[in-house]
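What follows is a pair of complexes built around subunit A, which joins subunit B in one and subunit C in the other.
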Partner chain A sequence: MSPEGGLTWTVYDADNMTQAEIYGFVLSELGKTNPKIVGLSADLAKSTKIGKFGEKFPDRFFNFGIAEQNMFGVAAGLAKAGLLPFVSTFSVFASMRAVEFLRTDICYQNLNVKVIATHGGTSFGSAGTTHHSIEDLSIIRAIPNIQLIVPADSVETALAVQACLEVQGPVYIRIGRGFEPRVYQTDQYGFKIGKAVEMKPGTDLTIIACGAVVYHAVEAANILEREDGISARVLNMHTIKPIDTEAIMKAVTETRRIITFEDHNYIGGLGSAVGEIIAESGKGCAFTRVGLPDQYTPHGYPEDLMHYYKIDTDGIIEKVRELLGKEFEKEENWEDEY
Partner chain B sequence: MSLTEQEHKELRKIAKKIRKEIVDVTQWSGGAHIGGSLSMTDFMVVLYWKYLRIDPKNPNWEERDRLVLSKGHGGVGHAVILANRGYFDFEVLKDFNQFGCAYGMHLDSRKAIGVEASTGSMGHGLSQALGMALGARALKKEWRVYAVVGDGECNEGSIWEAAMAANHYKMGNLIGFLDRNHMMIDGPTESVMSLEPLDKKWEAFGWYTQLIDGHDMPKICEAIDKALAYNDGPSMIICDTVKGKGVDFMEGNPAWHYGGLSAELAEKAKASIDKMYPDIP
Partner chain C sequence: MTENEKEILVSKIILHAVLPVIKVLLEDHPTFRKRFENIKGTVQFIAKNGDENIGAYVKFDNLNFETAPEILEKPDITFKFSSLKKMNDFFTGKLVLPKIKGWKNFSLLWRIFSVLLALKLLMPDAKPKNTLEKKLKVKLTLYMVSTALSQLNKAGDPDMVKWTSQQPERIYQWSVDNEDIACWLKVKAGQTKSGRGMYTLRKPFIHMRFPNIDSALPVLTNSVETVQAMAQGLVIIEGSPEYAGKLGDFMLKIADLLT
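The block that comes next holds the complex of A and B.
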């Protein structure tokens, strides 16, 4: 079934285009109406698909070779000159190799630079640990001024790329390698930076996920409902920063059980961001974070890695069943604890 | 734009005042990067008072030339120069480095008037300058971009990433100044990390490279004129300088990369600067 929507390019052949391809395509379309947009690559124009923009606007596209630090510094200078730079490289390089340039040149000066970081999480599977970006959310989240978005699929990527133009300041969009299944059939679901999307209503617990894991969270919730009669709410927390506190607190008070899933080290990313809100609220809530354990990843196809780390449909079902068996103290008199 | 004798004297007079005020601000602030500020003073004065197309009363004038202090450790010198050039009142520098002051060790472009880029961490400014130069080209603007790089800063790999890219894109609107003061925090550059032959390195990276006495104002003007006339690619003017120039007990002493001054020592420093300018009262 073809996706439907008002902005034809955002759903342009979304079944056949990967997240990255969609991003390159959308950027090319936006470039037609916004002459300030410039594209920057570090010898990954083809891999990150920003090359699609470069093909259309060769005068507004700069390749810096395999030199990410310089690329991020140049982006700051271009923004200072009044242009709107989109910088693309693998997330592992954007968040680590060049991060001080992103932080000092772009975020410290609060410049209007958009980073499209591809191959996030374990999505570059067989490339192995050097190319698995399992620390990026934690690192970027700690940098002031920048907003952090992890779109669930290619439709949401298209929407995020458009929406980030409205933000005056740096935005980091973390996408996968591009073979992730599509979640959305339409782009008319009210995407808004900083607002979680309720993918499925539910009352027994809330599953919060981001990125490619959202697809599996929805699948798992449907199976849990059918097989176990469990009513699981699913939130697509596409914006990690600023996090949607309201949606989290609503989940705390209405479902009292929350479980997060992410393709990232379980430390510092989505789960940590959600956990901080819960802990500071003072409300009782059974809570589990599921991500990659604090260790380096093996080689393998992304689907095998997701299965191994229990962030695919089967893993989510297993972890949710575990959480439902988890006891937590409901009475408020804890005197017997001392 | 060769320098007339009168102009030369005027610029030296300004440089003398700036050197003394760098000493003052260093004393008031409790400590600052004085050595590298004194080494860059002469070419910075030539740039700010003779070459840069700027309007200090309209610091965001779009057509202005941009100067990026890539060697951000020259913050105190840059701040004194900007104040003297009319960007802001020198009085604010009495609170240099203090909580709430817009001016401190490494200048913040969002707060410090006339500062084009926040620098301080080494190896960042040249890339930002390159971005501004590429921006000028993309926007069909005439402004030029000047980047002041430190010699120790040339240890940073990112400097050479930017050098490669500036040549690749043939940035004729980008002129670099390299403050070759031969000293870094841990000692002489050649003992900490060898840089020589530095001019050959920049040449090999495709930059039109000149090596001059960085305290000789007429020579600085000649070099800038040549760089301005060269539009086929980026230019680098390596200014051979003395760290701490003008203050005898600081000259060539890496201990004065950063330091504080007592009132007594500040007076001694200013007396030494007076000796550097016997013809200027």
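The block that comes next holds the complex of A and C.
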């Protein structure tokens, strides 16, 4: 990956970049010290990288074949038996094909099952519309008991996987396919579930993003500062549920303009979660949600799709400029006050 | 900018930004509070500029104070100047004798003279004698400057207009820690508005904070360079240093226009 964030990378960078690679590695490390951890896959061990765990702990790894519903049901049973199941599959399957089992078997009983949903959003690119997971945040957010995390990069994925062990109950971690640009150079930035990370201070508006879009939000904010003199605060809202109300309200009162970006249908995900907080607060704030429109996605490379939906650096810059033209409070009287 | 355009600009700053700070004198200075108790009356300042008259009035009503850049039909006292330049010179401390109508209101007349003399505190070379005057100088200066900046934009100063027109909605805040001194300037796409107090609807884009009165005085009288002042902790600037620097340039421009 070039430091400028272009699309040039080599296979030698992959291990350093890929969220799934890091997840597989971290889970294997955690498996050494926590014998209760078990890995479950539905014939996607290689794609979701849980296979790394399986290679190290073959007797604690179970492949169910193409039977996601069965896998989630078994995960519930393993958790009831005192084990700590990590279930890995594509996010379209975790959030839709198996959702009733996730809801009724796992979440209803508040069982300690961790779901690692890979290939979130449009990151599956050329695999096509059926494999673009553009509804999962909305679906999972509405299920009681479960916590929902969307890490920004591989470093944050590692921290999220470790942190979810502290949560007594189901957690859904949505990651990408791989090749997501790296946002953090260190893991010492105070990651905490439910607490947004301020990536960049600013006062003109706040950009709130999650997942792979965070990288582009930071890039866009830097360009907006340099080219337009715009002071944009960037929040990495890695936890969608429970959401960081305090950070959102601070942004409302301090910047009065908020724009959200997500690789997800603009209905029901990050933007909706942020919008609910703003609306319930009763505070005035110019607000825009940017995500995928409420329609099915075309095929394409992830980078092209992100550009198409204006959730890459260029798109974020364009949308921010639009938002800055909006009123957050209509000033009718420009007479000086004495 | 022609000489006349410059005089119009200066007069706007005086009438819109200097006269309003009389309110602070009446509120904060015990002598003036006492002096204007139960006093009622209107004083007009008016100057010829070609065929038109430019002016403003101040109105006292038992410690309630009002001013507006308008010409009243029957003020109690009128200060009339033959040109804008003479009115501007009068307010910036130069020796100018206006025509005064309304001598019979001597009680109000000597009081308004005392107020105008007190406004000399705004001049950079005016040395405050005591703690009260120091605080007043800082407060009067900040309140005057924040309004003057807005007026500079409203009057169409090309540099200021260029600067404000390129900005989204932003707040420039000034305050002195642990004192009731705070004012702000709101900028939005070429429009400006000044106000008193802390702006609470959003975080300021630039916040120029003075730790105390003594630290504010040398900065506001331009007796210390801004960078030096920051290094010495006389002023704390929160926000973009580039924009703070530009704001400082405009504050200096106001000072130049009024001296």
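Convention: the second predicted complex is superposed on the first by the 311 of 338 C-alpha atoms of A that agree within 3 Å, B and C clash if a C-alpha of one lies under 4 Å from a C-alpha of the other, contacts with A are read in each partner's own complex, and residues count from 1 in each chain.
We adopt the following convention: contacts are C-beta pairs under 8 Å (C-beta built on N, C-alpha and C of every residue); 3 or more make two chains touch, one makes a residue touch a chain.
None of these values were measured; they are calculated from a predicted model.
Asks: Figure out whether A:215 sits in contact with subunit B (first) or subunit C (second), or with both, or with neither.
Replies: Neither partner.
Asks: According to the stated criteria, A:256 is in contact with first (subunit B), second (subunit C), both, or neither; which is it?
Replies: So A:256 only meets subunit C here.
Asks: Is A:60 contacted by the first partner subunit B, the second partner subunit C, both or neither?
Replies: The answer is first: A:60 touches subunit B but not subunit C.
Asks: I'd like to know which partner A:38 touches here: subunit B for first, subunit C for second, both or neither.
Replies: In the superposed model, A:38 contacts subunit B only, not subunit C.
Asks: Name the contact category of A:76: first (subunit B only), second (subunit C only), both, or neither.
Replies: first
Asks: Now for A:231: first (subunit B), second (subunit C), both, or neither, which partner does it touch?
Replies: Second partner only.
Asks: Name the chain, either subunit B or subunit C, that contacts more residues of subunit A.
Replies: B
Asks: Name the residues of subunit A shared by its contacts with subunit B and its contacts with subunit C.
Replies: Of subunit A, no residue contacts subunit B in one complex and subunit C in the other.
Asks: Give the list of subunit B residues in touch with subunit A in this complex.
Replies: 62, 66, 68, 108-110, 116-118, 120-121, 123-136, 138-139, 141, 157-158, 161-162, 164-165, 168-169
Asks: Using the touch definition from the top, list the residues of subunit A that touch subunit B in their complex.
Replies: Residue positions touching the partner: 38, 59-60, 62, 64-65, 67, 69-83, 85, 100-101, 104-105, 108-110.
Asks: Note which residues of subunit C are touching subunit A in the complex, please.
Replies: 16-17, 20, 23, 67, 147, 150-151, 166-170, 186, 188, 191-196, 201-205, 239-240, 242-243
Asks: Would you pull the subunit A residues touching subunit C in the complex into a rising list?
Replies: Residues 203-205, 229-231, 253-256, 284, 324, 328-329, 331, 333-338.
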